[in-house]
Amino acid sequence: MSSLKPVLVVAGIGAGGGTGGATAIRAALYNAGHGVWKPFLDITPEDVKIITETNIEGSFAFAHEVLSDFKQNEIDTTNGKRGILIFTGATASIRGNTTTSAFAAGKFALRALSQSLAKEFGKQNIHVAHAIIDGGISTPLSRSRCNNSEWDQNEDIRLSPEAIASSYVYLASQERSAWTWELDLRPAHEKW
Amino acid sequence: MSSLKPVLVVAGIGAGGGTGGATAIRAALYNAGHGVWKPFLDITPEDVKIITETNIEGSFAFAHEVLSDFKQNEIDTTNGKRGILIFTGATASIRGNTTTSAFAAGKFALRALSQSLAKEFGKQNIHVAHAIIDGGISTPLSRSRCNNSEWDQNEDIRLSPEAIASSYVYLASQERSAWTWELDLRPAHEKW
Amino acid sequence: MSSLKPVLVVAGIGAGGGTGGATAIRAALYNAGHGVWKPFLDITPEDVKIITETNIEGSFAFAHEVLSDFKQNEIDTTNGKRGILIFTGATASIRGNTTTSAFAAGKFALRALSQSLAKEFGKQNIHVAHAIIDGGISTPLSRSRCNNSEWDQNEDIRLSPEAIASSYVYLASQERSAWTWELDLRPAHEKW
Amino acid sequence: MSSLKPVLVVAGIGAGGGTGGATAIRAALYNAGHGVWKPFLDITPEDVKIITETNIEGSFAFAHEVLSDFKQNEIDTTNGKRGILIFTGATASIRGNTTTSAFAAGKFALRALSQSLAKEFGKQNIHVAHAIIDGGISTPLSRSRCNNSEWDQNEDIRLSPEAIASSYVYLASQERSAWTWELDLRPAHEKW
C-alpha cells in the first residue's frame, strides 16, 4: 500500500472502554483518494491500477486491519462502540458521469464495501460510516491550484476540512441506538 | 390540518442572528406520520386521505409557513443559517414493500419535497434535512403496545427519541460549508 | 377522478388465458400526469390538490380496479401473467429539484406505489412495472407549444410516443422468469 | 484477462449499417462474474484480485476494445446505433450485504462504469446498458449444484438464460429516441 496517499488513523477517541493500553485504536478514517477525470478512451491501465489500489485493494487491506483490531476492544459504554471506521466518498459514489468512469467505479466500490461492513459489523458494535463529500474542499493543494481567494474565503461555496472533521467526530459520538451509515456533506450554496 | 399528529416546532436554537425578537424560529421539525400497513386491496380511501394529508398537504403547508418565516431571519453567523427544517423519514422513504404501498407513497413524497427544498433554499442559507429512521423507536406508545421490556431496555436493537433528537440538534449546528441533506439512523444491531 | 387526464387501458394483449370473455383486460397503463414547475413558495393549494389527485388518489383508485380485475384472470401460459400494470414516471421520480417540489413529490409517490405493488402482486403472477421517462416527448401538444421542427425531427434528442409504447409492449411480453419492475427511457443524446 | 470467464461477443446484430465487412461487431455483452460470499475477515487477497480483475480491469479493457470498434461503425438507421454494450449486474450492484463486501464492491464498480459510459457514448450513438439480475439462474452449473428439479422446473422462481437473452436482444433493438440504461430482471415470485 505504499502507493496510497496518507491515511489518517485517529487513535484514542472514545476511550471509555478499550483493552487497557493507551494505544487502543477507536476510530479510523479511510480517506485515500485518487482523482481521474478523463474521457473513457484516454484512461490508461495505470489509471485503472491506481483507482483499484486506492478504492479496493487499499480499502480492503485497511478495513481488515482496523476491524480485526476493533474486535479486540471492549465496548465503550458511552456510545456502544468497539470502534468506528469512516470512509470518505464523493458525488461520484452515487453517480457516474461522462469523465468519471474510473473515479466513479472506485468510489462506488468503496461505498459498497462500507455498506456491507456496516451491516456485518454493526451486530458486533462496530460502527461503519460513509460520507459523501459533494463539493470542492479548501485545502493547501486546492488553494495552490486555484489561486482563487474569493472561492476560498466564501464558506457558502466550498467545504472546509474542519467542518468535515466535525461531522466525523459527531459520527464517532453517536450512541448505539441511532447510528448513521451514510450522510452527505456539501456547502450551503452548492448546486446539486 | 387538525387531523395531523402534533408537530414539534423548536424555537430559538442558534439564536446568533435573528430578526430581533425572542420569538424568531430557527429550527422546525416535520415529524407528522401515519402508519398504514395493509395488503393493497384492503387500503381504504380514508387511508389514502390521511396519508396524503400527513405527507403532502400537511408538509407543504408546514414548509410554506416555516420557509416564509426563515426568509425573514438574518443569517446566524455561527453556522450560516437563517433556519433549519428537518423532515423525519423511514425505511419506507426509500423502499416500497408488500404492505407499505400507502405508507411508502407518503414517505417517498415527503423525501422528494425535502430534497427539492434543500436544493432550492440552500442558496438562501436555509438548511433542509431528511432523516431516515430505520427501526423501532422506544416511546410511551410503543412500550404500552409491546410490553416487551427486554426490547425496550436493549439500546442495540431500538432507537431512543433522545438519540434521534441529538442527531437533529447536530444537524442544526452544522456549519455552512458542510451541510447534510440526508442521513440514516438505526440501532447498532438492526438488520437492514 | 373526473379531473384526471385520460388514462389508456389497453385490452386484450396476451389473450392466451383470460376468463373467457373477449373483454378481459390484460394490460393497463397509468399515464396520468400533471406538471408543476414552480418555486416552492409559489405553489398553491390547488397545485398540491391536482398533484395529489393525479399521483396518489387517482393511481390508488385505478390500481385497485385493475388489480381486482387481474386477479380474476387465468394465467396467460405464454408469459405467466394474469395481467400487467405499467406506471409512467419521469426524471422527477428519482430526483427532486429546485422547481419540482410538487411534481417530484407526486412522482416519487407513484414510484413507491409501483414498487410496493410489484412486490406484492408478483407472487400472484401480476406484473407491475414503472418506466422513467427522461426527456421531452414529441406529441401534438409539445409540437404546438415549441414550434421547433428541428427538435421534433431529431429522434436523437426527444422521445417518440411510439418508442415508449414499444417498450411497454415489450414489458407486457416478458416471460415470468425475468420480469422488469423499472427501466429508464431517454433519447440517445440526452444529457443526464 | 486470461483468468476471466468467457465473455460473449455477439456479432452481426442490427446489420443495417456497418462499415461494410460481415465482421462488424454491433453488440457486445460483458457477462464476466465471480461470486465471493464470505464474512469480510475471511476474504483473501486472492478474492480481491479476482473481483478486481473481473469487474474493473477486465471490464475496462473489454469496454475499451468494444467502444473503439463501435466508433468505426456507421449508424444503423433502424435504431440509431453504432453498437450496444450490455453489462450484467446483480442485486449486489445496488446493495451491499453481510457476506457480499467483495462481490458488491465489484458489481457497484461495474455499474458505475456502465452509467458513465452510457452518458459519455450516448451522444455518439453508442448504447450502453446495465441489467440487474435479481435471482437464481437455471444453468447447467446451477442444476448440477442444486439437483433441485422442482426449483429448476418452476419458471416463477428462477431466471432462464433465454429470458435474459430476450431482454438483451430487446435492448439491442431499442430505437434511438428511447434507450434504456438500466433494467432489473427477476422471476415473478421472487421476494425482493
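Each chain carries a letter (A, B, C and D) given by its place in the written order, and its residues are counted from 1.
As a convention for this text, a residue touches a chain if its C-beta (ideal position, glycine included) is under 8 Å from a C-beta of that chain, and two chains touch if they have at least 3 such contacts.
If you want to know which protein each chain is, UniProt gives these names: A, B, C, D = NAD(P)-binding protein.
In this text the structure is predicted, and so the values were computed from the model without any measurement.
Counted as hops between touching chains, the shortest connection from subunit A (NAD(P)-binding protein) to subunit C (NAD(P)-binding protein) is 2.
Judged by shared residue numbers over all numbers used at their interface, subunit A (NAD(P)-binding protein) and subunit D (NAD(P)-binding protein) contact each other through mostly the same positions, with over half in common. One simple way to say how far apart two chains are is to compare their mean CA positions; for subunit B (NAD(P)-binding protein) and subunit C (NAD(P)-binding protein) this gives 29 Å. Per-chain CA centroids place subunit B (NAD(P)-binding protein) at a distance of 39 Å from subunit D (NAD(P)-binding protein). Within subunit C (NAD(P)-binding protein), residues 119 each touch two or more of the remaining chains.
The touch graph of the protein chains shown is a ring with every node of degree two. Which chains touch which is summed up as A-B, A-D, B-C, C-D.
The touching residues of subunit C (NAD(P)-binding protein), when paired with subunit D (NAD(P)-binding protein) in their complex, are 80-81, 119, 122-123, 125, 127, 138, 155-156, 158-160, 163-164, 166-167, 170, 174-192. Subunit B (NAD(P)-binding protein) makes touch with subunit C (NAD(P)-binding protein) in their complex at residues 39-41, 43, 45, 48, 51-52, 55-57, 60-61, 63-64, 67-68, 92, 95-102, 104-117, 119-121.
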